[in-house]
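Read through the structures below before going on.
Shared chain: chain A. Partners: chain B in the first complex, chain C in the second.
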Partner chain A sequence: MPRDADSLSRFLWPVLIGLLLLAQFAGSPGDWFIAWPTEWVLPFTSSLNTAMDWFVETAGWFFRGLSDILAVPVSAVQKFLHWLPWPVVVAVTAVLSWAASGWRLALFSTLALLYMVVVGYWPESMNSLSLVIISVPLAIAIGFAFGVWGFRSERAAGVIQPMLDMLQTIPAFAYLLPILLLFGFGPVVGLIASLLYAFPPMVRNTMLGLRSVPTDIVESGLMSGATPRQLFWQVRIPAASRQLLLGANQSTMAAVSMVIIASIIGGTADIGWEVLSRIRKAQFGESILAGIVIALLAMVIDRITYGFAGREADDGERSASPWSRHRYLWIGLVAALVTFLLSTVIPALREWPREWEIYPAEAMNSWLEGFILTWSEFIGTLKTIAFYYLMLPVRVGLVDTITPFSWGFEFTPAMRWGYGAAVLALSAWTWWRGRFHLAMTIMFLGILLYFGLTKLSWLVLVLMAGALGYQLGGRRLAVGTLAALGFLVLAGIWPQAMLSVYLCGIAVLISFLVGGCIGVIASEVGVVSRVVRPVNDTLQTMPLFVILIPFVMIFKIGEFSALLAIVAYAIVPAIRYTEHGLRNLPNDVIEAATCMGCTRWQLLTQVKLPLAMPVIMLGLNQTIMYAIAMLVIAALVGTNGLGQQVYIGLGDGDFGIGIVAGIGMAIIAMVADRFTQGWSAARQAAYS
Partner chain B sequence: MMKLKHLLLGAAASAIACSNAFAANGSDDPIKIAINEWTGQHISAHIAGQLLQKAGFNVEYVTAGAVPQFAAIAQGNLHFQPEVWDNNVGDIYPKAVESGEIVKVGSLGLEPREGWMYPAYMAEQCPGLPAWTALVECVQVFAAPDTFPKGRLITYPADWGTRSKDLVEASGLPLQPIAGGSEGAMIAELKAAYAAKQPALMMFWAPHWLHAELEMAWVDMPPADPNCATDPAPGFYPDKVNDCGFEQASIGKIVWKDFGEKWPGALKLIEGLTIDNDTQNALMLEVDNNKRDLEEVITEWVNANEATWQPWVAAAQ
Partner chain C sequence: MDQPVKLACRNVWKVYGNHPDQFFEQGNGVVDDASAHAAAIRDAGHIVACGDVSFDVHVGEIFVIMGLSGSGKSTIVRCLSRLVEPTAGEVLLDGENLLKKSSAELIEIRRHKMGMVFQSFGLLPHLNVMDNVAFPLKLQGIGIGERRERAQRVIDLVGLGGRERSYPRQLSGGQQQRVGIARSLAVEPDIWFLDEPFSALDPLIRREMQNEFLGIQEQLRKSIVFITHDFLEALRIADRMMIMKDGQIVQVGTPAELIVNPADDYVAEFTTDVPITRVLTAGAIAREANGQGAGEDLPEVAADCCVEDLLPALASAGSVRVRGDGGVLGVATAADVIRMLARESRAEGR
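Here is the complex of A and B:
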């Protein structure tokens, strides 16, 4: 860090901390710098609603027409898949999987599809699949077009980049309503929602792929006299094909996950709708069984597209004979034909008989009930401890948490002075040891825990965020942060935003610490790694709603259940990135350290962890993103932050409330993203 | 540019196709019936659907979320929804009724009840129940760590309105309202509490399939009163305003605005259709507790109750 920036920081932070203390002690909850007065809130919500009404009125006919056109292929594919006997779909998928990556995947796909048949969710699965089949090619085409445009024009890239950020961070629930108002009711709503969410990864990968084509390849193309068109299609695109295919794979996965969420609108009796209905009835076993279908569907599609992505890029030589070139096509056709003919003879192959369905939901439900009965006391204690000693202090501060009922004693003035002195002493000691930033952090956390995040002055918090932005990313980030957080204040959603930050913050803390430890252990012990991986896969592909039901049954409605649900989802990247970072270190460094006689512990703490830090920081970044994404879902078990606002918007048909809250969440996500990236970059610079 | 032109032509063509079908014998087009997420509504919808089929109409069941369905009916993408609760419906519904895009066709005959309820076993822990005064006497029974010293009251999710919270604030009852988040979460909590015989107090409604599975009882609350906002006399306490029990909802049948023109006979049938609480509860028990197939249960009911529905179907001819 340059000297002047350092001295600026040494001046700035003590001033800001002092300002915060001043605001907290001098201000009362009614003061304008503690809580933004409601009279001053700008009417974003109502003006957005007016604008939307006007837009639907003037341009609605266009979108309705578009919707009618898109509905045609969707219902055609749906009818076709329903008409096909299930063994044909299974056979074709198996051959596809075989072609993509070999017999293991073929076996997995077959078993996965058979599960859907046996459990009795075949028609619902096919309805979901038909939406995916239509939305994926569209998403890839649109994403590719935007990607190429962004590659060609620097200015376009400047517009596209923030648009992608918004689309990926605004929760889908917030834009379901405007899509419904514009496109009318029906399966097309799900299609559009999944398009909007699925095309950004393709854009990012297209831009990245085209940019990273080595210049010598392009130059050799130019030398051999390629026209610009040839240069693009025959040189750049093939050279970027691996990245493009990766983008296609990610787009597909995004489309699958969104099709489920969009089913909240209805219109297709798909598997997402089934999960939602089961969850509304709190049927644990049934919702898990339906959720597994989605997870399997996602995994099969992911593995197949991923397999093709890897294969396509490796396939150098093309064999000549038509048999071997179209081998899989022929096998697939024959398999389809044979299974089709068989199904005309055997009725069970046409439609699986209801009596043959295996549906172990009852057993799962009674297992959960037994579990709750056995452990209810322990669970109650755990929850109370978490509530009194972690969640309440962060939210409303020690001042309001410590009472004879909760902690068993009164928070006397003497104790308050003692607390203040302890924080001050600890902070002063760290400063004296030369850890200035740590000292400031301790001071801030001390104040935060004393007063509670929801009661801190917005004004000072915004200023602090701006200062932090300046240190991490320069003037641009500082201005961006101030403007973005200013929006939260002006729109009147600062209190809800702080509730969201509080919940997410604790969840990220827990996820990152616990997940990081699991990741470290998994990188050292092979068995743990093999156990953790399928659990991670399931947590990531299961529809997020499904996780909620057992949490509510065990931990009851409220923030604690929400917190655990967020942790369950956000812990995955923390584990993954930590393990990945530790496992993929340059071999020579490890060998050198081992030769120097490092013990395993020294090797881990002094060599591996510091080297893997950039990747682990990326994991932190992703953990934050995941936690924010889960926030909306967690609102279903009773939280009061921005997630709840999004539902209020959806429940009342109020476009403005939902979209303002959605933008609020996007803002928090983007600020957190830029900060962690800036921090990571600064750390890396310090190391190299 | 070419593409856009095609799109526009396509849109125009489909619009023309629609109006043609409209002018011809429209009654062959399927009547699209909304299917919501709960069993009671499935029963109403399928009874209506089977009777419409008996009268010679084609029907199609389409799944639809509770708010999106109003947009769908207003636009004519769905045509009929037999069971609309007129509370918790947000802005879209009243606006669409006012502008005439959705037409109400009288009430379904179900008598809904909304209020605070508790598992029947609570009567042992708090003998004063069901009188509301028991909530004050037994406040410690209903208290939980996150609400102490107040009793824990699970209310409707915030997006369904805040009536319980308003009532608690106005009356000063020693309760802490906690928003339920979603129907699934509320039921999950109640099921878990019931299994462990723990105290529970929750804003809920009937008819609902839950009452067939768990034995619940209602807190006796003072009746709703039109003067409650100004007159302190009615309600929990004689010196407070806005402290009366809940206004009860009504459950109506709604159709698309052109429904009567397109299927005049079907509208006659729908006008006649009524379903009472006992019928719905009995059928819900079959479907949700005895895990039987919905279609099968409804067909059985239709076959056994011809005397009930014969006049409605006759009106359609």
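Here is the complex of A and C:
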């Protein structure tokens, strides 16, 4: 950091901290700078509702018509999949898996589909699958078109990028409602929602893939005398094919997860709806059985598409007869035909008999009850500790948390002074050691813990965020941050936003610390790495719903379950990036350090970790993004904050509330994203 | 040179910046003082990638462009093929200005008259050796039978017979560049551009590839523009060479001329590591010595005989008669050779 920026920081932060203290001690909860008065809230919500009403009235016919048109192929595919005997689907999927990556995947797919049959969720699974089958090609086609456009024209790329950012950061639930209002009820809502959610990854990968085709290849195409069209289709596209297929894989996964999420609007009789309604009725055995179906469906689709993306081009030396070139096609056709014929003879292959279904929900429920009874004391203690000693202090502050009822003693004035002195002393000591920014952080956290995040003055917090933005990304980021946070205040959703930030913050903290440790260990110990990797893969392909189930089962509905679910999901990038960062350091530096006589511990703490810090910070960035994504889903099991607002909007059909809260979450996500990226970039720049 | 000119580069400029065209009133790039003009352009915040570059490439000649990175040599070869659009100047292929051609005409010219080899090969990763080599033919719409046959011919020429079905990633760097060479030759081009073709290869392979390249050229007699940053490579293969610095020509000439009469310190710098006895030819010494008298009884040597090979004859006879293409050039005495070598080593000692 340049000298004048440094001195500015040394002046600014003590002033801001002082201002915060002043506001907290002088102000009372009713003051305008602590909580924005309700009568000052700008009527975003109602004007948005009016606008939407007008739009639905004037343009609604168009979207209804579109909906009717789209409903045709969806119901056709649905009918076809239902008509098709299940062994045919199993056989075709197995051959597809085999072609994609070999017999292991074929075996896995077969078992996964058999599970759906045996448990009796076949029709529901096929309903979900039919939506995916229609939405994926559309999403890929649209994404590809936008990607090519963005590749061709710089100006188009300038428009497309922020659009993608918006689509991917506004929680999906928030745009379910406008789709619902425009397109009317029915499976098409799920289709449109999954389209909107699934095409951005394809756009990004298309642009990236086409941009990163080496110049040599393009020039060699030109020198071979390619016309512009030949250059595009025969040189650029094949050379970018790996990236394009990865994009297709990511789009497919997004479509799958969105189809599941969209079932929240109901009436679709698909597997997502099954899980959701079971969770709501607290039927945990049933929800787990259905949840496994979703997880399996997602994994099979992911592995197959990923297999095709990662497959090396055929390795020469093979004869080019029609049989061997299309052998998977032939095998698939034969398998489909054979299974179809068999199913006409054997009725169980036509439709799995109900009495053969294995549905151990009852047994699972009673086992779970027993489990919870046995461990109830432990579970209760864990919840209490987390609640009273971590979550409550952050939310409402030590002032209101420490009572004889919760901590067993009174928060006496002497203790308050002691706490204040301790924070001050720690902060002063770190400052004296030259760690100015750490000292300021300690001061801030001390104040936050004392008063609680939800009771801090919005005014000072917004100013602090602006100052931080200025230091991390210059004037533009500062202005952007002030405007974005100003919107939260003016729209009257600051309190809910702080509740979201609080839950997310704790979850990110836990994920980052625990995940970072696991990542460090995994980078040092090969066995750990090999164990952790498949778990991460599974967590990442798992639709977010499913992650909730086990936590809700054991810890019941509430913030604690939500917290654990968020951590379970957000810990993945923390682990991944830490391990990746530590494993991919320049070898010469490691060798040099080893030659200087570093012990393994010194090597890790003094060489590897500092060098890997930029990558680890990117991991933090991703952790925050994952946590925010999960936050909305976790609101299903009872959290306060913006996630809940989004649901209220969806539940009451109140477009304004839902979309304002959705934008609010997007704002938090984007500010957090820019801050961490700015920080990471500054660190990286300092190294090079 | 007795051969006709194949490709002529006339006052070619390539300027990068916001408004590069403002510096050239006429498109032909002719200016009074090129260096001053380039300096003016630089002062205006533009970048001169190449400035006022002119040279001729004759039929069957290997013309090497030598320069360090950033000297503009890659830009100039791309201007010749119009992969990069020159800001001003003329590029004449068989007397026709390439820069005036429409894009359709240009595609035709590239399909039939030009071949290019790239430093990092530029192979299409999804095609095997056969299909990579046949790719330019496929673009022309030639049927699969003929295209395979013609591709097979050049694949055999570069010694890759038997590897037709391998994919680029299965080949070593040297083999990949053979594919690149075969592909560029598949259309039987008149003019052949090679942009640092061997720079990405390790030294032993590089030497082997240079020999094979010379062998292929022996058979095909193409007109060649060869880019390199390696002075020794340039010496090995060049008929004539051009040294570039900061986008401008420093010197053009045969390797021996450059060594014997470096235009400036920059050129002389390159020659310091060159084993002078391998490069200095009898012809250069005879011309320099300007010695009179035919010396009928002296042993006769060819003009391109290098000093190293001249030594035994000098040791026995004291001086030799040098014969060039057009007859006897003159006499080179041992003293002439020593004087020349002494001058060179003085230059080195500086």
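FYI, the second predicted complex is superposed on the first by the 608 of 688 C-alpha atoms of A that agree within 3 Å, B and C clash if a C-alpha of one lies under 4 Å from a C-alpha of the other, contacts with A are read in each partner's own complex, and residues count from 1 in each chain.
Note that in this section a contact is a pair of C-beta atoms (placed from the backbone, for glycine too) under 8 Å apart; a residue touches a chain by one contact, two chains touch by 3 or more.
Bear in mind that the values here come from a model prediction, so they are computed numbers and not experimental data.
Specify the outcome, clash or fit, for chain B and chain C once both structures are aligned onto chain A.
fit
Residues of chain A touched by chain B versus by chain C: which partner has the larger set?
B
Of the two partner chains, chain B (first) and chain C (second), which one does A:I616 touch, if any: first, second, both, or neither?
neither
In degrees, to the nearest 10, note the angle that opens at the C-alpha centre of chain A toward the centres of chain B and chain C.
The vertex angle at chain A equals 150 degrees.
Thinking of the overlay built on chain A, is A:T227 touched by chain B (first), by chain C (second), by both, or by neither?
It touches chain C, and chain B stays clear.
With the two structures laid over each other on chain A, which partner does A:F185 touch: chain B (first), chain C (second), both, or neither?
Only chain B is touched by A:F185; chain C is not.
Which partner does A:E219 reach: the first (chain B), the second (chain C), both, or neither?
In the superposed model, A:E219 contacts chain C only, not chain B.
Quick one: minimum Cα-Cα distance, chain B versus chain C, in the superposed arrangement, integer Å.
Superposition on chain A places chain B and chain C at a least C-alpha distance of 29 Å.
In their shared complex, at which residues does chain A touch chain B?
Residues of chain A touching chain B: 61-62, 64-66, 68-69, 180-181, 184-186, 189, 264-269, 273, 276-277, 279-282, 284, 354, 369, 372-373, 376, 380, 383-384, 387-388, 405-406, 548-549, 552-554, 556-558, 561, 635-640, 644, 647-648, 650-654.
Which residues of chain C touch chain A in the complex?
My answer: residues 78, 81, 83, 107-108, 110-112, 114-116, 118-128, 135-136, 138-140, 165-167, 170, 180, 183-184, 187, 193.
Using the touch definition from the top, list the residues of chain A that touch chain C in their complex.
On the chain A side, the touching residues are 214, 216-217, 219-227, 230, 234-235, 238-239, 241, 313, 315-317.
Which residues of chain B touch chain A in their complex?
Those residues of chain B that touch chain A are 7-8, 10-12, 14-15, 35, 37-39, 62-65, 67-72, 75, 77-78, 88, 90-92, 144-146, 148-149, 154, 157-160, 178-189, 191-193, 195-196, 198, 209, 288, 293.
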